[in-house]
Structure formats: structure tokens, C-alpha cells
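Next, two complexes with subunit A in common: one pairs it with subunit B, the other with subunit C.
This part shows the complex of A and B:
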């Protein structure tokens, strides 16, 4: 293999993995505060289609980015209202959000499929994604606000008893996660593709979810994990190109298989599980009245 | 001295109960004010209202004569009110330092925190390692973290909800010394307890609550445990008296060299436990919670194939590998600590709960069907013989009060005529009437020749009913002490791990 080929592959890996980093780091913060949002796929698709449509209609990158982010705020805000105020089941609500997002984006984007646009340079986003991971890692481990987020995810009753606003904290982390997912979607439809096609996120939201567990809720591991998952996906194309006969499905299943292996590994040791998984994850918080 | 807190006509009801009814009394500044009452008397609800954790239906609270609306813990903390909870509000996976920072109203750097907490620790004699995770600390150490965390905010009022229930006698006297020093330095302490002697030793004033109402607020100076106890309950409780000095005949149950090596870092490993029980004898296993009681009970029950080495012998038969039901068939009965969810299924009726525990007995089955006639009559007998206050055996177990359910569960096991009865925390969290009844029942049962093991944190209870007491400390079991030779100092030493 020539140097150029290797650089080329690395370049593709870099470009294709970035959405996983965005969506994954957002979900990581949400889960650290004790909320499981299974709606990433839906959030990504709506973020992608909103950005795309706005760009086609206005031609303005700033507007399109802005509206894409707003779509994430609104959808994740609704999710937060449902699970935090109305205390609906987080898993069911998250799944509903994904299904809703798939449908909504397909409907909105119906007339825009195949419309050509000028894509944005992905490298800005790649740099931002690295900075984000650094920022989140620093925020969670070094700042008091980050400590509060972890405390709320660890034991919401204690956090409330100490005077922290559990609901508000979770609103903010859910909305942060939502915005990150729409950014991931925006990147896919504006930088990576650049085009709109129904269901174009192709399961990346699910991989991002698996990634958070794979990374055992640690930001730097999430970055490494994202590139491993992304690399495997790209390897598939290249291996097929050089004639290795392995079915594509084998590579598609790799991220999930890896996640199951990691899950089994961390669950086999109770200490490791206790120290890595947020203890209040997926448990609704009810104020004493 | 001036009143720092004034409760005025506080009402709070939950479905079916009046937790607080027209509660009014004052707490004087720089005093230790105890709130005394049975389980369910409304003490915890009242202080949770003061701490903003529970919203009252009506009523007012005055802090320093100012009407204060305290609608969240953060408001309470801004008013200088801090609380140490009965079940601690610490974060297990975080370090001591992180837990301290989370409790503070202001933002603070780590080095400043170190200085500040060191000042407090030195002044009052706490010993904390800021870098250890909470999960590695003992219960006593966790309480220290909670108290230091509260003190870091320079509170004016410190609420302590049943702080001694998890401590050894030594730790209790240390805590009391600290509290007295804090009050000398200007703090007001609100102390919740149902232990009469503690209240007399520690507090200046006491408010006695019964069924959500205040009975009276008095100075503790002229009180003794009997008078205070009478005021708390409204009636006198006769103590069960165990007959001492009996010659026991043959050994019925023993444990030889039992040890565990658990992979779970949060489990306590049992260490060469030896135990011997004679016919008709009651052995108490004392010790602070979390010293291996759970693990020992787990092995005695054998519900989860907990791995261990050593031998468990019942009537010359090694029962190491026998399942729970096989052990029950050999006439060993169990009453576990958790009433709802373990001893009984809350959503099922009392008679169904009989069947769940007795399904090893063929008399309750007709082929593959349940013999409802039999279990219903068995349930009515339990209800009748053990004073269970319930309209019928069709009532769901979860609807019974703690005391009634416990009487039902213990009755259920006793009616199956066990030769060995193993009880864990038999009177934990129940009313004094049921507690007295259960203790009396246990004593009578032993006089009929049933051997009994009681695992309990409640020393008074063990001293009242047992013949012998052993202490469990970090997985090691002490030699048994005869109850008539025991004094509390010696027991305290044992509970701190200093066996002879």
C-alpha cells in the first residue's frame, strides 16, 4: 500500500467519524446526568434536514446551522419535558423520538431529495469535535458544574437534598445532547454528503449510543472508540476494493458486537460497573412532596 | 435565650395518614433539642418540612422570629439550616473531597477546601482522608463526612435524623461530645431519636410526638427513661424477660470454620466463623450494619448459592449444599430483614404469601393446584394467634403496617413448627406495641424448645431476649457472651473489633 492510499484512508476515516463524536459526546453528558436519550437517530435526521432545507432556501450557512441547532433544542426540549416533568418512561420516549424524527425528516425533506448544494469544508467541524471532547472532559472532571452533573447522575435524591435543582440540570444536559445530535446531522447533510436523502444517517445515532457504553462514559475513550468504529466501517469498503471477500454485514455488526463485549466486560466486575455507569441512569426523579 | 425556630400549626397529611397535625413548638437558640417519638410519629416529616424537603399542607415556620417560606433544601441552606440524613446523602463513587465541595454553598478551590476542612476536623476531632472514595468508608466515617460537609457552611441549625442508629457505643459517645462542643460554639442542634437514654444524656429539651401530634415540650433535666417512655407511648410496655441460668441439653446447630472470599469489592468477607446453638437457646448476633450480617444471612438462607468454605451442620446433618426449601423442610425457618419484597410480596394477599413461603409442604397443594382452603385457614390462624390487625386474609400484604406485617410474617414461620428460627432485624422500624409482642413471642418460643438466632443492630433488643450474644465485626464473629455477664462497655469494645 502506498503512503497516499494510507493518508487517503485516514482522511476518509476522519471525515466519516466526526458525526459519531458529536452525537456521542452529547449523549455522554446527558447520560452522566442520569438520563438515557434513545432519540439520537431522530434528532440527527431532523437536524440534517432542517439545516439542508434552510440552506437551499436561503443560501446562508449561518442560518442553516442556527435553525438546525434550534431543531435540536426544540425536540430534545420536548423529550426533556416528557421524561422530566411528566415522568414518562425514558426508553419508550426516546424510541418514540427516533421514530418521530425519522418520519418528520422524511416528510420535510421530500421535495429536497437530490437538490445539489455547495458543501461546507468538514475540517472546521473535525477540529471543533476534538475541542468539544477536550472541553467536555475538562468540564466533567474539573469544574463544579461538571461535578454537579455527575452528582445528579450518581444519586439524584442526595443531590436534591443538598439543594441542587435536578430537573434544571437534566434539562440542560438533555438539550446539550440534543444540540450535539443535530450538529452531527447537520454535518452529515451539509459537509459529509452534501445532499439530503431519507434516512441518510444510516444508524449512526444507534452507533453513537453504543459508543457511550463502549467508552464507559469517559470522553477520551469515546473519541478513541469513535475512530475505531468509524475505521471499521471504512475498512469494509477498502477491503472489498482490494478483493477481500467478507460480507458487508459483518462490518456493520462490528460496533454493536464490540459494545456487547464491553458491556459483558464491565458488568463482570461490580466495582468497575459501579464506578463507570451513572447509578441513576434511566431512573425517574420524583420530588418528595 | 431566644427561640431560633418556631413551628406554628404545621399540618401535613399523606393518603390515609396525618403525618403532622397542628404541630407547634419552639426551639431555643444554642440548645440541643430532641424530637422523640415512635416510628411513624411524624418526627422525620417535621424536620423534612423544616429543611424544605417536604411541603406542609398548612402552617408557618419562623426562623429568628421571621416568617420563612422554606420550599426547597437550598432555601433552607441559605437560612443556615443543614441536615444530616438517616440514610446518608453521599455520592458513593465520588471522593470525600468531591462530596464536600458538592455540599458547599460557595465555590471553593481544592486547596482552600483542604485548609477549611482540616480546621474543622482538628477542632472537633474528625479524621477524614479527602481522597478516598465514599464507597471505601465505614458507616461511622460516612457520618463524619456528612457532618463536616454541613459544618463547612457555618450553619446555625443542624438537624440530625436518627444519627446513632448505625454507630457503635464508642462512636456514639464521640459524636455526643462533638455535638456538645458545637453547641458551645453557637450551633443549635435538632436531634431526632426514639432512644430514650440517648435523649436524656444529650439534649436540653425534648418535644415528644405521638401519631403526628405534639404531646409536650419539656426540659430533659427531670426525666428518666421510664417517664419519657410513658410520655412517648401513652402506655407502659412490659419488658420481655429472658430466664437466665438454664441448662441447655444438646447442640442442634453449628457452623464450623465458615469463610468467604467474595469477588464483589463491596461485600464483606466472612472470616472463620464458629457458632454453636443448643436446643431452646437464643443467640443474638450484634454488630453495626455492614459488618457481614447480610453475607451471613445469605449463607444461612442459601437463596443465591453464595460461595463459602466451612460447614453448616443442623442436627448432625451437613446442610451446606441444601437449597432454601430443603432447609425449610428440615424445620429451619427464616425471617429476613426486608419485610416487603423479600419476606412478603406486597401486591399479593396474605394467604397467597403463606403459600409462597410454604410451597415445600405438600399439604398446601392438591396435585399441581393450590389448596386455597388450607392456606386460608392457615392464614386466619396466624392472624388470630399473632394479633395481626387486618380485616381478612385477602388483604394485600403491602397494605399492612410494618408492625402488623412483621407479626404476620413471624407468625407464619412459627406456625410451621420450626426447630430452628433465624431472624434478621425482627423489630426494625415497627411500633412499640408490636415490638413488645414479638419479643414476648420469641422468648416463649425458646421456652418451648425452639432454638433461635437473631441478627440485629439493636443492642437493647438483644439484651432483652437472648441467652448469649456474639458480635460480628468486619466479617469475624466474637466468642459468645452470656447476657447476664455483659456490660455495655465490653459490648462496645467488641463492636469496635476488640474481641478478647
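This part shows the complex of A and C:
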């Protein structure tokens, strides 16, 4: 293998993995506060389509980025209202968000499929994704607010008794996660593709979800995991090209299988579970009890 | 003036609100749906007619309604066992796919068979395939306390890739112009249709039988009672000495069998062969069906018909209103949002001071 080829492959891995980092780091913060949001795929698609439509209509990158973020705030805000105020089942609500987002994005984007745009340079976003992981890692481990987020995720009743506002904290982490998912979608439709197509996130939301577990809720591991998952996907294409006979589907299912193995590993050992998974994950917080 | 909204836990559990909230959710969905149509510059009344009335205004449409409702009802009935037990099996889509691979594989293996035993064998293997795929999260949950939500979800994607591997690789039809699909199943492996010329098949009977069995199990057996108690209070169930691990295992197997059957019925019924997109998200949509039907077997039958209508309506809307068929997903998502939201009133009283 020549140096150029290796650099070329690394470049593709960098460009294709970034949406996983964005969506994954957002979901990591949401889950750290004890909320499981299965709506990533829907949030990404709506973020992708709003950014794309705004760019086509206004030609302004700033507006398109802004509206894409707003779409994430609104949708994740609805999710937060349902699971936090109305105490709905997080799994069902997240699935509803994904199903709704798939439908909504397809409807909105109908007239815009195939419209050509000038894509943004992906390297800005790649740099931002690395900085983001750094900030989230710092935020969760070194700041007081980060500690509150973790406390709320570990035991919301204790956190509430200590005087922390559980609902407000979770609103903020859910909306942060939502915005990050929209950014991941925006990156896909504006930088990576750049175009709009129905269902164009192609299951990346689910991989990002797997990634958070794979990384055992640790930001730096998430970054490494994202590049492993992204690298495996790209490697599969290249191996096919040089004539390796292993079917591509086996590479594609690797992230999911790896996540199941990690899940088994972290849940079979009680101590490890305590060290990593937020204890209040997916448990609704009811003040009245 | 300041309005203070106060909420209080309900002490009087209201059956009326419990069964009324799906109706409220559907009404709210239609209300919001008309807004969406208005934004798209379409007349809401005309659009609703195309969406909800015209698809079932002839015998072909009614047959199609049952074709779509059958898998949804069968899967949702199976899932209701898990959900009643507070076990979140959200991997029905994967179990459906495995059922189709196992049962469909039998159909392809004996593709020159004319035996009357072929179809029963395919159905059996479909059920085994679904059960097999559901056993994995069940055993991981029982042995290692692994989160079943995430494992069942991840296994769905693994199953989809396995199906993809078979239809692109070893099972690809040599005479299929290189398309990723298998040979058609032999006639002996096709599910009999109920009415000549229409696609509605005997899966409908299976759905009704499973519904009745489920009703009996929930209301007349110790197993159903155990599920109910465990769902309401895991502590009470422990105190009564019910073995939670057994309940996890059996509920997963039941839901896997149902999803596997639904998958096999799809491929040996309307489709007739294996290819990539055997299911338009039935496994996930059935979760909505189960909740909308209040985990009640008869409620699930009704809600499966309603959700099936959103699939049909979406196809007609694409044809006549020129809006993407994904609009059906918008309605499905909305109805679940509203249902979950209105459930709040079931648990809490709200005062405005």
C-alpha cells in the first residue's frame, strides 16, 4: 500500500465518521443525565432537511445552520416535555420521535431532492467535533455543572434532595443532545453528501446510540469508538475493491455485535456497571413519590 | 394573574380514561394532521378523504387493509406479553426478519416440492427463527442482566444484514438479472389467499386465533395473572414467589414466535420470495399498535386496523396528492406522541388555580 492510498483512506474515514461523533457525544450527555433518547435518527434527518432547505432558499450558510439547530431544539424540546413533564415511557417516546422525524423530513424535503448546492468544507466540522469531545470530557469530569449532570443521572432522588433541579438539568442535556444530532444531520446533507435524499442518514442514528454504550459513557472512548466503527465501514469497501472475499454485510454488522459484547461485559460485572452506566438511565423522575 | 398548574397522583384509577385516551390521541392526531395538510396547501377534508376513506372504499382496499393489519396485529399481540411484564423487546423487526430467513430458507431448500407439508414446515421454521432471535436478548438479560432494550435493537440490524447477505449472496436467484432477491417459493410454499384475486391471506385467521388465545391467557390462567402482577409491582411478584427470570424467558419467546410468524406470512403470502425490504418497519410500528391497543388483545386488533390504514392512506396520498408516502410515518409518530401524552391524565389529576 502506498502512502497516498493510506492518507486517502484516513481522509475518507475522517470525513465519514464525524456525524457519529456529533450524534454520539450529544447522546452521551443526555444519557449521563439519566435519559435514553432513541430519537437520534429522526432528529438527524430533520436537522439535515431543514438545513438543506434553508440553504437552497436563502443561499446563506449561517441561516441554514441556525435553523437546523432550531429544529433540533424544538424536536428534542417536545421529547423533553413528554418524558420529563408528562413522564412518558422514554423508549416509546424516542421511537415516536424517530418515526415522526423520518416522515416529517421526507415530507419537507420532497421538492428539494436532487437540488444541487455548494457544500461546506467538512474540515471545519471535523475540527469542531474533536474540540467538542474535549469540552464534553472536561465539562463532565472537571466542572460543577458537569458533576450535577452526573449526579442527576446516577440518582435523581438524591440529586433532588440536595436541591438540584432534576427537570431543568435534563431539559438542558436533552436539548444539547438534540442540537448535536441536528448538527450531525446538517453535516451529512451540507458537507458530506452534499444533497438531500429521503432517509439519507442511513441508520447512523442507531450506530451513534450503539457507540455511546460501546464507549461505556466516556467521551474519549466515544471518539475512539466512532473511528473504529467508521474505519470498519470504510475498510469494508476497500477490502471489497482489492478482492477480499469476506461478505461486506459482516463488516456492517460489526458495530452492533461489538456493542452487544460490550453490553454483556459491562453488565455481567456489577462493579463495572456502577462505574460507567448512569444508574437512573431510563427511569422516570416523579417528584410526588 | 398567574395560573398555577398543580398535579396530583390519582388515587381512583379510571378505566374510562384508560380506554378513552386512544380516542383522544387519534382525534388530536387528525387535528394536527389537518394543519399539516393546510401548510402543504391541500384541503384537509379532501386530503383526509384520500387518506382514510378512499383506500378502503372497495374490496381490493379492504383486502389490502387486512394484508397490512395482519402482521401488525400478530407482532403487537406478541409484544403485549413483554410490555405487560415491563420487558422492552423493541427488536421485533429483527425477529420478523429471522422468521422470514428461517421459514423462507425452508421454502427455497425444497423449491421443487409440491407436498402439502411444505407450508406447515415453513410456518414452523418461521416461528423457530423468530423465537431463536428473541432468545438471545432474553438469555443475556437473565444470565448477565444485560439491557434488553439495547440488545434487541442491535440484533435487529444484525438480522437485516444477515438477510441482505443471503439475498445478495448464496440465495440470489440465478435467473434474477443480478437483482438482490431469491427465487420465488414453490406454489406449495405460498400462503393460501382467502378470496381469489385479492391478497388477503389465511394469516388473518392466525391473528384472530392468537388474539383469542391471548385473551384467555391474560384473563383465565395463572401465567397471565403472574404477568399482570409483575407488570404492576415487581415487589409484589417477588413476594408471591413468581420466578421473574422464567417470565422474561417465556414472554420473549412468545413475542419472538409471533414476530417470526408475521415475517414468514409476509414472505410466503403477499411477497412470495425473499428480498431486502420485506417489512416496511412492521416490527417498530407494531410497538405503536400495542400501546395504542392498551395491551388488550381486542384493542390491538382495532389499533392494527387503524395503523394499517395509515400505510394505505400514505400510498394513496403519494399517488393522488403527490406527497411522499412517508407522511404515514408522521401520523404514526403523532398518534404515539399524543397517546403517551394523554396517558398522563390517566395517572395524574391536573388542577388550574
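The rule we apply is simple: the second predicted complex is superposed on the first by the 288 of 289 C-alpha atoms of A that agree within 3 Å, B and C clash if a C-alpha of one lies under 4 Å from a C-alpha of the other, contacts with A are read in each partner's own complex, and residues count from 1 in each chain.
Note that in this section a contact is a pair of C-beta atoms (placed from the backbone, for glycine too) under 8 Å apart; a residue touches a chain by one contact, two chains touch by 3 or more.
Here the structure is a predicted model, which means the values were calculated and not measured.
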Now for A:279: first (subunit B), second (subunit C), both, or neither, which partner does it touch? first
Touched partner set for A:154, first subunit B, second subunit C, both or neither: first
A:56 contacts which: subunit B (first), subunit C (second), both, neither? neither
So, A:74: does it touch subunit B (first), subunit C (second), both, or neither? neither
Touching A:162, do we find subunit B (first), subunit C (second), both, or neither? first
Touching A:250, do we find subunit B (first), subunit C (second), both, or neither? second
Per the overlay, which chain contacts more subunit A residues, subunit B or subunit C? C
Who does A:210 touch here: subunit B (first), subunit C (second), both, or neither? second
Subunit A residues contacting subunit B in one complex and subunit C in the other 288
Which subunit B residues qualify as touching subunit A in the complex? 48, 51, 53-55, 72-74, 76-77, 83, 85, 88-94, 98, 101-103, 105, 107, 133, 135, 263-266
Taking the touch rule as given, give the residues of subunit C at its contact with subunit A in the complex, in rising order. 7-9, 36, 40, 88, 90, 140, 143-147, 149-151, 153-155, 157-158, 161-162, 164-165, 168-169, 281, 284-285, 287-288, 291, 323-324, 326-334, 336-337, 340-341, 343-344, 347
Listed in rising order, the residues of subunit A that touch subunit C in the complex are 36, 38, 42, 78, 82, 86-89, 91-93, 95-107, 110, 198, 203, 206, 209-210, 213, 247, 249-250, 252-253, 256-257, 259-260, 263-264, 267-268, 282, 288
Report the residues of subunit A in contact with subunit B in the complex, numbered from low to high. 144, 147-148, 150-151, 154-155, 157-165, 269-271, 274-275, 279, 288-289
